[in-house]
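Structure, as structure tokens:
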Amino acid sequence: MGFWVSSSISKLATRNRYHEVTMAEPTITLNVTRYRPGQDRAPTTQAYAVPYKEDWVVLDALNHIKDQIDGTLSYRWSCRMGVCGSCGMMVNGTPKLTCAAFLRDYYPGEIRVEPLINFPIIRDLVIDMSDFLDKLKSVKPWIIRKEEKPVARGEYLQTPAELEAFHQFTQCINCMLCYAACPVYGLEPKFLGPAAIALGYRYNMDSRDQGKEQRAVIGNHDGIWDCTFVGECSVVCPKDVDPAAAIQRSKVDTTKNWFQSILMPWGQR
Amino acid sequence: MFTHDIVIVGGGGAGLRAAIAAAEVSSKLSIALVSKVYPMRSHTVSAEGGTAAVLREYDSLDLHAKDTIFGADFLADQDAVEAFVKEAPGELIQLEHWGCPWSRDPDGRVSSRSFGGMSVDRTLFAADKTGFHLLHTLFQTSLKYDSIIRYDECFLTSLLVDDGKVCGVTSINLYTGRVEVIAGKTVILCTGGGGRIFPFTTNAAINTGDGMAAAYRAGVALKDMEFVQYHPTGLPGTGILITEASRGEGGWLKNKDGYRYLQDYGLGPPTDKPTHRKMELGPRDILSRCHMQEYAKGRTFEGPYGHYVHLDLRHLGEEVINKKLPFVRELASKYVGIDPVYEPIPVRPVVHYMMGGVSTDINAKTTLVGLYAAGETACVSINGANRLGSNSLTELLVFGTRAGRAAAAYAANVSAPASAAIDALAADEQRRLDRQFLRKDGGTERIATIRQEMQLAMEEGAGIYRDEQKMEKACKTLRTLRERFKEIIIEDRGSTFNTEVMTALELDFMLDVAEVVANSALMRRESRGSHTRTDFPKRDDANFLKHTLAYRTPDGPKIDYLPVTITRWPPEERKY
Amino acid sequence: MTGIRPDPSKLYNRKMPATWWLQKKSYFLFMLRELSSVFIALFLLVYLYQIYQLTQGPEAYAAFTRRLSSPGWIFFNLIAFLFAVYHSVTWFQSTAVVLPVRLGERLVPRQIVTALHIGFWIVVSLGVLILFLALKD
């Protein structure tokens, strides 16, 4: 009964033998940003020749570099299936998840891999996301209610239509490609940013939430009103969250509420 | 040194739930959440299908317990299972109250779907990204509590133990490369599983068994490690998970003749609509074995990544797929170029989950005073020899809560550990890390080479079908790799975000975990659940109705046993 | 709350170049869209001045109209008109984003919403043109 296991393994072994590149195998060149704090004054670019395989993504190429060529290259990754949000980088100038950027879409041209722009670089392809996390927290991304129903009484009822109203905006994987795509965030680091606002909007639109007034930071000067609807955030979003829509709708919403509070101050929710 | 009441290692579903549970016990407790990645990157995020609990009138706690115990091939501790099924509904409703976007029925109640091995529909889901929504809901809710202090991108290197009590952890702060001491009265390990010891796995890069190995090195037993679950439907090559929900919604598994082969293995008769516990809704271990037997008969397809079968979703229709399985459609299209609306998806069994882990009792407590564990890292055991799909996400919540509350209760009654002892232990750890990793010179082996050889040894020796010879060979290979590990090359001397040292540390942990799995498997001379031996093909309740306990010795794991707790369900033959 | 975070002094900050909007087609088109409002404003000023000239009597108005017929002013009007069209089309595209339209359970695709807006705009414009031609004499 052992033969089928061995046959399966030899295929696995072939799959894993990334490093056995012969001269005949096609290669593709990756030009990767390197930055070693304390050692480098500024980022530089290092070129690596990597085997070209039809079903490889840029992340596979980076892993090959780290495993077989240069162990000093640092980058973040985890799930390799586009749901954890770790592996966002600039690929030929466009923010992408490297686990979803296929080499075949660039071959035989060279691929430039850089850390996400509009973020400070910690090392090589690793950027500092503390600002993003602070902003995420500032929109109070949790259910806020005046009165909680006891768990023993069961779930809050929510119709499929009510779920549909905010479901799209729950899909954000916090990959920050939208921040890299947004020129406003690049020019004005205080801007709350697409993902944070979209998350705040998600909670505001959730029928179970009653905390809109507490998310006033969204309607602030550095919130939605910094946005000039360039729209690139929604273009690069790998999960079709459409943060641009969330922001513009928030503008309409906030404006409506403002008029209501002026014209009908007695009608507070 | 940072000092807290509770130190939680791992920011996934179990870790976050434990942190919230402890924070709700008392806001005066200072809780550290230490994770080598930002919490929303934790592997919980990849779970797709759903999470099980008894919420409907047609269901009962006893039925959920029976399904679980049966699925576990009677190796589950039945008192733990009873507690688990009882607390599950409350946990899922609590999650709903915290904003989790569960999919809904027209009347507004949370929906449930069919899942493998479950007698009735009891698996709650959020489209087919349940783990993602669960994790993000927990992470976002955790931001409410100021008493939860996060140590993001801090890599656990060891548990600090003084005088038989755990007193904290050492971890490398990835930003500075410094070894930080995070002292605590209690430690909760929620570091997930170790699927990356195998070459084909649904698991993320981070699932390297860190917490399991750390507990093992601190003298705690690892329980039932030989039970490794193969998920029947992963994509060939990448191992990316195609959720069981695709079968729950009615998908069919077909061999190369277009035949629904599961009916040949006692799982029939085949029906058009899914029948609970039959055919494609059988338990995962049985389905994986069926696939391998089809392969032996030459009835599977052959592709660039080996054998595979077809998962056919075409008859579900585009609307159902878009509504219930949108992520499946996205994954299949992107990674194998197949649109499941029009073509069947190529799938094969891949390593998915470890039933085994750090041995805990029903309150997530280990034998080391002050140390708790929850989630895939732990083994209570509720999953026994084989886990039913959708029990794992529930397990995170139920035992995360139990661990958090137990740790909080314990921390309230003890004083902080003595810092002099901690300093001494930390200095030892710093020296060890310097010697083996941070200031290591020379070396002849690439980290990736040893890792790949370990993975191949595990696939060959501890795969779906095992025998004495192959397991012994694996154990020997792993011992050799342990020696060769001392000669690894560490090229990266930088202190900022040194991921090479991190990879080496992970491999170090993985070698321990792999060795425990292989040795535990060797010593279990029977077949049960996901542990199948060709030389001992039958289940042997007389000799092996007990948990394997593996303790660390310098020469490898020492195996001992612990009886299974049976309450109301005496072991019977496991037929579906 | 976070107990450990990167030290800001150790990070490398890249500067955003002043030519950022020339580096991507979408950024360039965005700037063009924003620029269009300048031309619309300028056109409006001219238009307001034209209305003012109406109040100054037939001779003043005729003189002004002759000035406006010069090639330079025609060119300006052409540019302003093109920008106004671009402004309007992008405005209708934005409208589709901001106001999702539902027909029962299904979402009407954005391109259709935009197309309907543009269609309605063309119809109204044609109506105005026909009215103008009819009332001219």
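As written, the chain order gives the labels A, B and C, with residue 1 at the start of each chain.
Assume a residue touches a chain if its C-beta (ideal position, glycine included) is under 8 Å from a C-beta of that chain, and two chains touch if they have at least 3 such contacts.
Since the model is a prediction, treat every value here as computed from it, not as a measurement.
Relative to the whole-protein C-alpha centroid, the nearest chain centroid is that of A. The chain pair with the larger count of C-beta pairs in contact, out of B-C and A-C, is A-C. Spacing of subunit A relative to subunit B, judged by their CA centroids, is 25 angstrom. Per-chain Cα centroids separate subunit B from subunit C by 56 Å. Centre-to-centre, using mean CA coordinates, subunit A is 32 Å away from subunit C. Across the assembly, subunit B contributes residues 175, 496 that each touch 2 or more other chains. Within subunit A, the positions touching two or more other chains are listed as 37, 122, 133.
In subunit C, the residues that reach two or more other chains under the touch definition are 2, 5-6, 10.
Touching subunit B in their complex are the following residues of subunit C: 1-7, 10. On the subunit A side of its complex with subunit C, the touching residues are 35, 37, 42-43, 93, 117-118, 120-122, 128, 130, 133, 161, 183, 186-187, 228-232, 235, 242, 244-245, 248-249, 251-252.
Interface of subunit B with subunit A (complex): residues 37-38, 40-43, 45-46, 90, 93-94, 96-99, 101-110, 129, 132-133, 136, 140-141, 143-144, 175, 199-200, 204-206, 237-238, 240-241, 292, 295-296, 304-307, 327, 330-331, 334-335, 446-448, 452, 455-456, 459-460, 463, 465, 467, 470, 489-492, 494-500, 503, 534. Residue ranges on subunit A touching subunit B, taken from their complex, read 1-2, 4-9, 11-13, 15-16, 19, 36-39, 55, 66-68, 70-72, 74-86, 100, 122-124, 126, 129, 133, 136-137, 141-143, 148-149, 151-152, 154-160, 162-163, 166-167, 170-174, 199, 203, 206, 208-209. By the touch rule above, subunit C contacts subunit A in their complex via residues 2, 5-6, 8, 10-14, 16, 20-21, 23-24, 26-27, 30, 34, 94, 97-100, 105.
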